[in-house]
Structure formats: structure tokens, C-alpha cells
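The following pair of complexes shares a single chain, subunit A, combined with subunit B in the former and subunit C in the latter.
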Partner chain A sequence: MSLLIGALTIGFILSLLALGVLISFRIFSFPDITAEGSITLGAAVTAAMLVKGVNPLVATAAAVLSGFLAGAATGVLHTRFKINGLLSGILVMTSLYSINLHVMGRSNIPLMSARTLVTYAEHLGRLLLGGADNVSVAGWEVGARDVSVLGFSFVAALLVGLVLFTFFRTDLGTAMRATGDNSQMVRALGVSDADMIVFGLAVSNGLVGLAGALLAQYQGFADVQMGIGMLVWGLASVIIGEALVGVRQLGYLLAGAVMGSVLFRLMVAIALRWGLDPNDLKLITAAFVFVALILPGLVDKMRTRSAAHA
Partner chain B sequence: MRRLSLGLFLIAAASSILLISDWKQRRAPTGHLPRVAILQHVSQGIIDEGVRGIVDALAENGFVDQKTILLRRYNAENDMATANAIAKEVTSGQFDLIVTATTISLQSVASANKAGPNNGGRVKHVFGLVSDPFAAGVGISRENPLDHPKHLTGLGTMQPIRETFDVARKLDPDLKTVGTVWNPAEANSQANLKLARAVSKDLGIDLVEATAENSSGVLEAANSLISRGAQAIWIGGDVTVLVSIDSVVAAARRGRIPVFTSVPGNAPKGALFDLGANYYELGRLIGNLGARVLKGTDPATVPVENVVPQKVMVNLTALAGLRDHWRLPQDLLASADTVIDAAGTHSKAAAVTQPSKKWNVQVVELNNVLDVEETERGILKGLDESGLVKGRHYDIQFRNAQGDMATLNGLVDAAIAAGADLLLTLSTPTLQAAIQRSQGKVPIVFTYVSSAIAAGAGTSDDHHLPFVTGTTLTPPNEEMIAIIRQVLPSARRIGTLFVPSEVNMVFAKDGLVKAAAKAGIEVEALGVATSSEVPDAALALMSRNVDALCQIPGNLTAAAFGGIAQAAERKKIPVFAFQTSQAKEGAPVVLARDYFDNGRAAAAMAARVMRGESPAQMPFVPDAKTKLMINIKAARAVGLNIPAALLAKAAEVIKE
Partner chain C sequence: MLSVQQVRKTFNPGTPNEVRSLQAVDLTLEEGSFVIIIGTNGSGKSTLLNAVAGTFLVDSGAILLAGRDVTAWPEYRRAGMIGRVFQNPFSGTAPNLSIAENLALAARRGLGRGLTWALNKKLRTEMRETVRSLGMGLEDRLDNIIGSLSGGQRQALTLLMATWLKPKLLLLDEHTAALDPKSADQVIHLSSQIILRDHLTTLMVTHSMQQAVNLGDRLIMMHRGRILHDFQGAEKRRLRVNDLLGRFEEVRRADLLDESAAEMLRRMYV
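Let's turn to the complex of A and B:
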């Protein structure tokens, strides 16, 4: 049960990463690999501030801002200096590696004794649950702490999703979406597509930075290597989510990305729980992603077939 | 909403799969766990020991209190009325199994447990620590060990009275008169006496009896024996008398005669020797039987047998001042489990306590590299050497996050969900994730960490989180610098490559700089990020006017060490290294911490935790062992002379 709660929690936290990836890759069709560096940047900034006793809310906001700046840097490299989008991402990501080391001062910062948003969530949860250390969910003993953190990460994902949904329906948001769909048309309409791309990448990486900040607070440490491989899994979540909802309408895409992230983490958790040969872990994860991708198609096929029969 | 349904359905399905895998973790509504009652009539050394054996054996069979069974222990405190009340309570139907220790508990439960169908008992009942169950009047036939009430089975343990008297005769061949005190109200004691009478008759010994109705009558009875000419006092399995054995010993001492018994545990109190049953072992046999019944064995099919695992205790100090000539032959001393002399108590095979349950040890690792594999081997070896038996005392499972830190948390969760009783972590992030996710519910032993304090596990080796302990692995910098000074007295600048993102390397680099500074040596450190940069970086480093390379240990530099060695050979600069594999790869001198040994040391600490020690009491242990390896061929290639004194110290010398 704690594994399920843990998987859901990480799924919701990393759904912020998936949402960020969704914005760059899907809405802007921009292959932005800055995310791999900015998730660590978010974690590093938060951790460095938390150990200095900064308020967790401020530290988390700083992480969002730092991610925002990192994304903007990639955007500027691409639009102002006409550097290929992929390469701009590589440049920023690579430099972030050193920047992260500088931000943290070393390669790993433990947050065992620091006050974090997670400890806030725990206090709040404990108040709501009447001070009990454990709650019983259908017979399982579950730590009140775990439940509150899960609730917190769920609310965070939900809020971010709603904000994004509202934002992308404002004029500015609509213009941003239009940039991704057809930049020539946007330019013809008198909107600067370059500004849109810079801003879009900034928002995207701001979200990724937030994911990193929450992840560091959840797992209790920031490590300079924690971003490695994250982008791939974020992308996998987005694509799984897309396959699940089957349409490219904004609301569904956002919901899909969150669901994809959660589902992906659940699958990893199942692979872990079954205690399969540790050497096969990645292979099995890949197999799960494969199944998640083809399953919606199969379901559709079955639907149409049964409709044809009827 | 319809479009979201597939995703939600899959999430629900995946969650259910996880929950079903965790089904066993579920704390079942309390009624569903088997309820077991353990009864004893009185608190006394041997009975407590027996009960301890019962509980341990149940746990070894997977029946752990609060986890897989609900265990209640009752003690009548030597009061018959209480015993009957307890018997009524435990047989009223709320228990699935009753285990009784002592004859009186057997009898009281057996009589309360009668009203079941076919006059069988309502509750299954396993008994033990009973001298003569056939004489206890509970319907067990002496002739046919399978003829007993259907719900009832157990072990009889007749005290080895014949053996006891044989030994007594050997110690004093002139022994003619032996006295004994006993309580006729104890069925147990009656059975003992009956046998003792027969035995002494066979040996031509006159058995003088005195009875005591309760403990206060024991002293008087013992005194009477001395005035009736007893040359020694023997005590059998009589609870009343054993409780006041001190009175018997005091009386005997006044009469300058020895006391010997058929029940272990009295020699430390002044008896000359005890030859009796090993009650802890006996308790374990009873516990195993109870576990079999819990697993479904029908008590009716289990014969009631007499089982006596023997135990001998000898007290040499009791020889002093005896009236008759008692000798203790060497063979008796050699066979004794415990010998007490003026210097103290000596136990054979200093009873190592074994874990009270089967431990589920979960090893969590971050990445797959050679060092981790070596540590793994060390862990397995160390657990083997600790005397713990895999499958009996512990099970072990290895989990590896394959370098993915987001997986690490899930991995620790999965280990805990799989019922981990102990987490063994490799690498700093693994330790941190384990601390965060277990929240102190599972003890953690770490290894493959260069500084647990930097990882946040404590403020010093002695002051740390109460559920965490382990071994740290710091490179032997001081020793290394001393070797460099010995081999290259003129060295003033040494160089090393390091990977800023490897926390261990940064730590190692700082350590090296500090140690070198003490010896007046400067360290030139150059950062690298990928293995492809290593050869170039090595060349760059050597063009910075360094006298030698002193390569600190790290994952990346280990993987690309060939590049470093080649560059050094070209520039004729010697390399001193810290990892065993690097001696073969061209480092003339290697002074290594052994990952294998470090794993072994961590396993030894894990074994201590399994044996009941609290990690809070165990300081973090820096690994102290080093292994010196010298590659003569590589030394010659760079024109390095290895002093004979150093060669002599090397654990391994590579010539070709």
C-alpha cells in the first residue's frame, strides 16, 4: 500500500514535468531537452535555500523562477542566435550541470532536517486526520504522512493543470498555441513568434523546475545526477497520455499527461514490487510503455469492430 | 469524460495489481489472525527458558506476534485458583491454539477443555515441560503414544534421573544414602520420585525422602534429611522445591554435603551439578510442534513422546568443604555445557543468540558498476561468516535502480512493501532515500558511502539517526601520501582527475588535498564529466608539471582508467591509485580500500542488528583495511624504483 501511495505521489509530482514537456514538445513542437537540466536546477535551488532556512514556499517559488530563466535562455539561443532548437537545449542543459554544482556547492544536499513543503503538508494532514500517525485504508496501515503528501502532490498537479488550462485559453495562451501550430500564420497576424517561443519554453521549464523542487523535498535530498533520464520518461508520460485520451484537445492533453505520468510510475512500481531480476528493470519498463501505447489502439479497434457487428 | 475513462481504468487496474501484490501486508481484522495462548504455572528459570524457546520457534516458523498471530501469555504465578481461571478463559473459544508449559497448566487446561464435541476439546492444545504426561491423568496412554485425546498432543520430558544418579555414583563411589525433598501434590514430582526410587534401588542407594507442602517447608525438610544421614541431596523436577533451592543448598552446606539435581540452572545457585533437559531447546521443539498444528497438522496424529535434549552444569566451587570425598572427572567437565569455578562461569560455545525471527533483508543499490558487484559479494560472504543461515535466519533480495534516481524512491518503497525487516543500502542517494522513505520504521545498514554524515545520517560517527548504522569508505589518503613520499621523496606536486558530480570523488579529492598539504605536497585536481574526456584531461594534467598522478577512486575514472595509465606511461609519470582493478591496468602502486571487505563489514553489522542490537548503539565504522598492490612492470615502464621494504608489504605483486 505504501508503494502504491509512493508511486502515485511521484506520479503526480513528475506529472508537472510531463506538463512542462507537453508544452514544449506538443504545443510548441519544440524538442526542448533543457528539462533534464532544469529539473535538477529546481531541486538544487530549493535544496540550497532550504538548508539555509529559507521559507519552503519562497524556495519553491525560486525554483520555478530559475527553471523559467533556464527555459528562456534556451528560447533566446534559438530565436535570437538562430541556433538549432535541439542544440540550444543541449547547450543550456550542459551548462546547467556546472551551474547546479555551483548552486549546491557540492554534488548532493540532504534535506533530512530541513523544513520543507512536505513537512508542511504533513502537519496539515495530521491536523485533518486528527493527529493519528497511521490511518487504516481498507485494512492497510498507512502512514498519515504518506497520505498527506499524496494529497498535497495531487492538489499541486490539479492546480497546475487548471491554471494551465485557463492560461492557454486566454488571448496570450491562444497565441502561444497558434505559434506551435503555424508560426507563419501567427507572424502574419502581427504576433512575435520568437517572443512566444521564449515565453513558452520559460513556462515549460518553470514547471519542470517546480517538479524538481517538489521531488527534492519529497525524496529528502537533491543530487546533481537526479535529472538524468527524466526527460525521456516525461516524454513517455506525455505520449502515453495522448494515446489514452486519443484527441488533441487542450483539456484532454493536460489530463492525459497527468494520467500518463501516474500510470507510468505505477508500472515501474509493479515491476519493482514483483522483485524481477534487477538487471531487467529497464527492459520491463520499456515493455510496459509499449503496451500502454498500443493498448488504446487495440481498444479502439475492438470498439469499431463491435460497432460494425451491431 | 468518456475519453478519460480508459486512462482512469488503467490507473485503477495498475493500482489494484499493486494492492493485490501487497495483500499479505494488509493488517487483517484482528479476529482473522490465529490466536495463540501460552500458559505457564510459575515464573522460574527453566520454565521461562522453555517459554522463550516456544516463542522463538513459533517465530522461526513464521508465527510472529502481532504480525501473523496474536499471542497471549499467561502465568498463574504458582496459584492454583488463578491457574483454573486462566484455563477457563483460554478454553472459552477465543483461541485457536493453547500451548502449556508445566504439568499443572496441562492438567488445568485439559480439564477445562473437555466440553467439546465427542468429548474432545474445544481448542487444540500442545503441551510441554511435563515430566510424565502419561501420569498426569489427562487420558494419554503410556502403552500407545497415539492413544490420547484428539485435540491434545505434546512432548514429555522425563528428567534424566537414572543418568543423574549414575553420575553421582561416579563422583563418589561410596555414595550409599541420598536424600530428597519433594511435594507430593505435584504429579510431576511423583513421577520423578517413582523413577528415582527404582533407580536408587538398582544402584544400591538408600533414598531418604522428606516432603514439603509449600516453599516455606523446604528448609525444614532439607534439614531433616541431614540428620537422617543423607550423604547428598538430590532434587528432581519439583517446582515447589526448585523455587526454594537456595534453602536446600544452605541446609546441605551446613551438613557439608553436596546437592545435585536433574534440572539445569541450580549449579549457579550452589548445587554441585545438574544433569537435566535443555529447556530452551525443549521449548523450541514444543514451539515447532505448535507451529505444525497451526499449519494444519491434526494433533490426533502426533504421538506423545518422551524427548530430553540434555544439558549439564557443574559447579566446582561447591566441592569446597564437603564431608565426603567427591571428585569431578575430566570427562564430565569436558561434556558440561556450563562449568562454574572460582574465576566465574564458563559456557561451552558461548551461547550466541540467534535472531528471534527470520529477517527479510532487502539490499537497495543505485547503479550497476563493478564496485557494487564486489560489495554485493562481500555482503553475501559477510552474512555467511556471521553464522546466520540464509533461509533460516534471513532471506536476502537485491534491488537495483539502474542509475535512475526517480526509481530509487519506488525501489525503497517496494523493498518495504516486500516486508523488509532490514534495509542494506549502497551509495549515498540510496541511503538518503531509505532514511526518507522508511521514516525509522525499518533499520538501515549502509555501505558504499564515503561520508554518512555529509549524507545527513548523523552529526558524528557516534551521534546519528537511531535506526541507521553502517560502514563508510574513505580512501586511505594519509597512508597513500606516506607511500608517495617513500617512493618519490622529491615529489612536490601530484595530480588527480575528479568528477564533480560524483559525491564520493569530491569528498575523496578534499581528503587527498588535506593529507597532501600536511606533507607539503600540492594537489592539482582537474574535473572531467564524461569518460571520453578522460584521456585528454589526463594529458592536460600531466603537462601541468606534476611529479606523479594520485588518482582518487571514482566510477567514471575507474571505467576510463586505461586512458589515464596510457597517458602516464607516455609522459613517464607514475600513477598511484586507490582501486584494485587499476593495478592490472597499469598503475605501479595501488593502495585500495576493498569494496569486498567493506560489504563484509556491513554484513557483520547487519548480523548484529538481526541478533537484536539497536543501530542507535552502533557507531558508524570507517573501513580501516587497505590492500597494497604493486605492478613492477608498470613501475619499470615509467622508471620508478620500488623500495624493497614497500615490496615486502604488498599483498599482491604483478610482475608481467
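Let's turn to the complex of A and C:
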């Protein structure tokens, strides 16, 4: 049971990553690999500040800001200096590796004794649950700690989702969505598409930085390697989410990304429980994303072929 | 309203693909005038429109719009004064956004965009009224994705969007060329209706001799990056399709003459 709760918690935390990837990949059609650096950056900044005794809220906000700046850097490389989008992301991601080592001062920072948002959530949960160490959920005895942290990550995902849903229906947010859809039209209506891309990638990586900050606080450490493969995990979540909701409307897409992330984590937990070698996890995820990307095209082809026969 | 002064533009300079699209073009538009541009393929008529819109910056010369020198302005900044409809019906609208969201974007053309709701009740009511005037039944489908509409419907909406806030200059770039004849008629009718109603200063490129003769109060014929003829006032009103065809025939003969002369010189001296 605690395995299930752990999977759900990581699912909700990484849904912030999925929402970030949704913005860059689906709204701007920009495969932004900066995410692999900015999730580690978020974790590194938070961890380095937490061990110095900085308030966890401030440390988490700093992680969002640092991710925001990383995304803006990629956007500027791409729009101002006309560097290919993927390459801009690779350049920033690679630089972030060194930056993250500098921020942390070493390759790994444990957070076991630090006050974090997660320890706050545990305290708050204990108060709400009346001080019990265990609570029963649908007949299972589960740790109050685990439930509190799960509730906290759920609220975080929900809040961020709602903020995004609101933002994308404002003048600025609508212009941003239109930029990914038709940049020529957006320019003709007086919006700088370059500014929109820079700002959009900044928001996207700000969310990814937040995911990194929460992940580090949840798992109790930040590691310079933790970002590897994260973009593909985010993509997998977005794709699963789209399959779940089926509609490409804003609210559904956002909810889908969160649900996709949680479902993906559950599937991973189950597969590992069944004896999947953890080393194969990234290979299998990449293969899954590959299949999910080519499947719609194949289905279309088969449909036209069978229609031609009929 | 618009003044184009000695504007030159060469694409791919110094390569075998060099094209001198605009060669010292001069053009001044009075406020409220409706100017038609025709010309052969590659004559530079669309290039002239794009130079004014700021799709690219010109090599030399100046472009003044409403008394301001916009020569160095990027496209999005000029858009505050310019409304545009493109040849491709898919270029003027964002397919995955709803009709209402597309119109809302147009309702803030050239204005700042902040964190206020893109759509509100007042704007929606206004949209229903305006879209109803198209007579396409789209007023009940404001929340539908624009990608689900036909080319003609999308082009009509693009026209509404370009003129939602009255532009200082309206640029129409062969905006009916990709439509079926019936939709083309509808869109042309709507265009001239809006232009006359709002007294819009308009520059319209067209392939259709019929449109060139029927519409506008001035007609410009371009060839090889230059303005060849400029018909205004009574002369424009007297112009018929056959006159235009005659002018095109002249251009074609002159070109043939050029080529055969070059061929003759080659044979004699090379």
C-alpha cells in the first residue's frame, strides 16, 4: 500500500514536469530538452538553500525562478540568435550540468535533517489527522506521513493546473497558445512571437524547476544526475494523458497531463514490482514514446488503405 | 497615409538565384483610397505588400505610414496600424483556437496584452452581432475550433479580424485566389462592403482582371519590380478587362522582344 501511495505522490509531483512539457511540446511544438537540466537545477537550488537553513517556501520559489531563467535562456538562443530549437536546449542543458555542480558544491546533497515543505506537510497532516501515526484508508492501514505528503503533492498539482488554466484564458495566455498554432497570424495581430516563445519556455521550465524542488524534498536528496531521461518521462505522461482524455481542449489537456503522469508512475511501480530491471526503465519508456508518436500515423494509413479497398 | 519611397529589395543577392523583386518603387496612397495592384507572376506585387507589412526589411528606401517612418519597425510593431488578409486561408487564423478566441486576439491588435480575461460578455455579444452579419450561421458556433471551418469561412473571419479595430491601412494579398468561385464572390463582396463602410485605406493585390476593373479607385500595374502603369480617377473608371489584357499583351511582347533581341545578339557576337 505504501508503494502505491509513493507512486501516486511522485506521479503528482512529476505532473508539474508533465505540465511544463505540455507547454513546450504541445503548445509551442518545441522539443525542449532544457527540462532535463532545469529539473536538476530546481532540485539543486532548493537543496543548497535548505541545508543553509533557508525557509523552504523561499527555497522552492528560488527553484521556480532559476528554472524560469534557464527556459528564457533557451528561448533567447533560439529566437534572437536563430539557433535550432533542439540545439538551443542542448546547449543550455549542458551548461546547466556545470552550473548545478557549482550550486551544490558536490554531486549529491542529502536533505535528511533539513526542514522542507515535505516536513511541513507531515506536521500539518498530523494535526489534521488528530496525531495518529496510522490511518485506515479503505480498510488498509497506512502511515499518516505518507498520506499527508500525498495530499500535499495533490494540492500542489491541482493549484498549478488551475493557475495554468486561468492564465491560458487571459489575453496574454491566448496569444501564447496562438503563437504555437500560427506564428504568422500572431505577428500580423501585433504580438512578437519571439517574446512569446521566450516567455513560454520560461514558464515551462519554471514549472519543471518546481517539480525538481518538490522531488528533491520528497526523496530527501538532490543529485546532479537526477534529470537524465526526465524529458521522455514528461512526454510519456503528456501522451498517456491525451489518450486518456481524447479531446484537445485546454482544460482536458491540462487535466490529462496530470492524470497521465500519475498513471505512468503507477505503471512503472507495478512493472518494477513484477521484477522489471530498473536499468531497463528508460529504454522501455523511450520505446513507449516512440510507439505512441508513430501510432496515430500508422492507424491513419491503415484506415485510408482499408477505405480504398472498400 | 502610406508613402513608399525608392524602395529596393533583392532576394539571394550575389547568388545565381538573385531576384530583384523591388526596384526603386515609389507609391503614395491618399487617406481612404482603395488601390488595386495587378501584375504578372514575379512582378513584385506581393513583395511590395510584404515590404509594407514588414515581413522583411527593405534594402534601401523608406516606408512612411500615417506620418511615421516605419522602415526599421519589425512586423509585429507595424501590425498596430495594419490589418492583413493573406492568400492562404489557413494563414490568418489559429486553427486550434475557437472562433471567439481568434476574434478576441484580433480585438487587441497592437494593444498591450495582460492578465485580463481574453473573452468577456460584452465582447461576446459584439462578436455574435458582427459574425451574424456574415450570414454564414457562425454566430452560434463561436466556441468551435476554427480548424473545422471551410477556407471561405476562415477567410471571411480573417477579414473581420483584420478590420475589427479600424486599421490605418488594410493589406489584401490575393485573398480570394485560393477559394472556390462562390466563396471568392462572398469574400470580395464583404471586403468592399467593409472598405466602403469604414473608408479604409486599402492596398489589394489580385489576379482577377474582373476584380481589378470593378473594385477600387486606383489601379497599379507592376512588372519586374517596377510600377508600369498607374490609372487613377476617370481613367480608372473607364478601364475595362480588355484594356488590361491589352496592356499585359504589350508587356509580353516587350519581354519577347527583349529575349529575341538578346538571342540575336548572342548569335551574332558570341
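A few points about this structure:
Keep in mind that, in the parts below, the second predicted complex is superposed on the first by the 275 of 310 C-alpha atoms of A that agree within 3 Å, B and C clash if a C-alpha of one lies under 4 Å from a C-alpha of the other, contacts with A are read in each partner's own complex, and residues count from 1 in each chain.
Keep this in mind: a contact is a pair of C-beta atoms (placed from the backbone, for glycine too) under 8 Å apart; a residue touches a chain by one contact, two chains touch by 3 or more.
None of the values given here were measured: they were computed from a predicted structure.
Touch criterion met: A:Arg248 reaches subunit C, while subunit B stays clear of it. In the superposed pair of complexes, A:Met185 makes contact with subunit C only, with no contact to subunit B.
By the touch criterion defined above, A:Arg169 reaches subunit C but does not reach subunit B. Contacts of A:Asp193 after superposition: subunit C is touched, whereas subunit B is not reached. Ranking subunit B and subunit C by residues of subunit A touched puts B first.
Contacts of A:Arg273 after superposition: subunit B is touched, whereas subunit C is not reached. With the contact threshold set out at the top, not one residue of subunit A is in contact with subunit B in one structure and with subunit C in the other. For subunit A in complex with subunit B, the residues that touch the partner chain are 1-4, 6-8, 10, 14, 97-98, 101, 106-108, 110-113, 136, 138-141, 143, 145, 215, 218-221, 223-226, 228-230, 233, 241, 244-247, 252, 255-256, 259-260, 262-263, 265-270, 272-275, 278-279, 281-282, 292, 295-296, 299. Subunit A makes touch with subunit C in their complex at residues 167, 169-175, 177-178, 181-182, 184-193, 248.
Those residues of subunit B whose C-beta lies close enough to touch subunit A in the complex are 3-4, 6-8, 10-11, 14-15, 17-19, 21-22, 25-29, 365, 368, 397-411, 413-414, 416-418, 428-429, 432-433, 435-437, 439, 454-457, 465, 500-503, 506, 529. On subunit C, the positions that touch subunit A within their shared complex are 53, 74-77, 79-80, 82, 84, 86, 90-97, 101-102, 104-106, 108-111, 113-119, 161-162.
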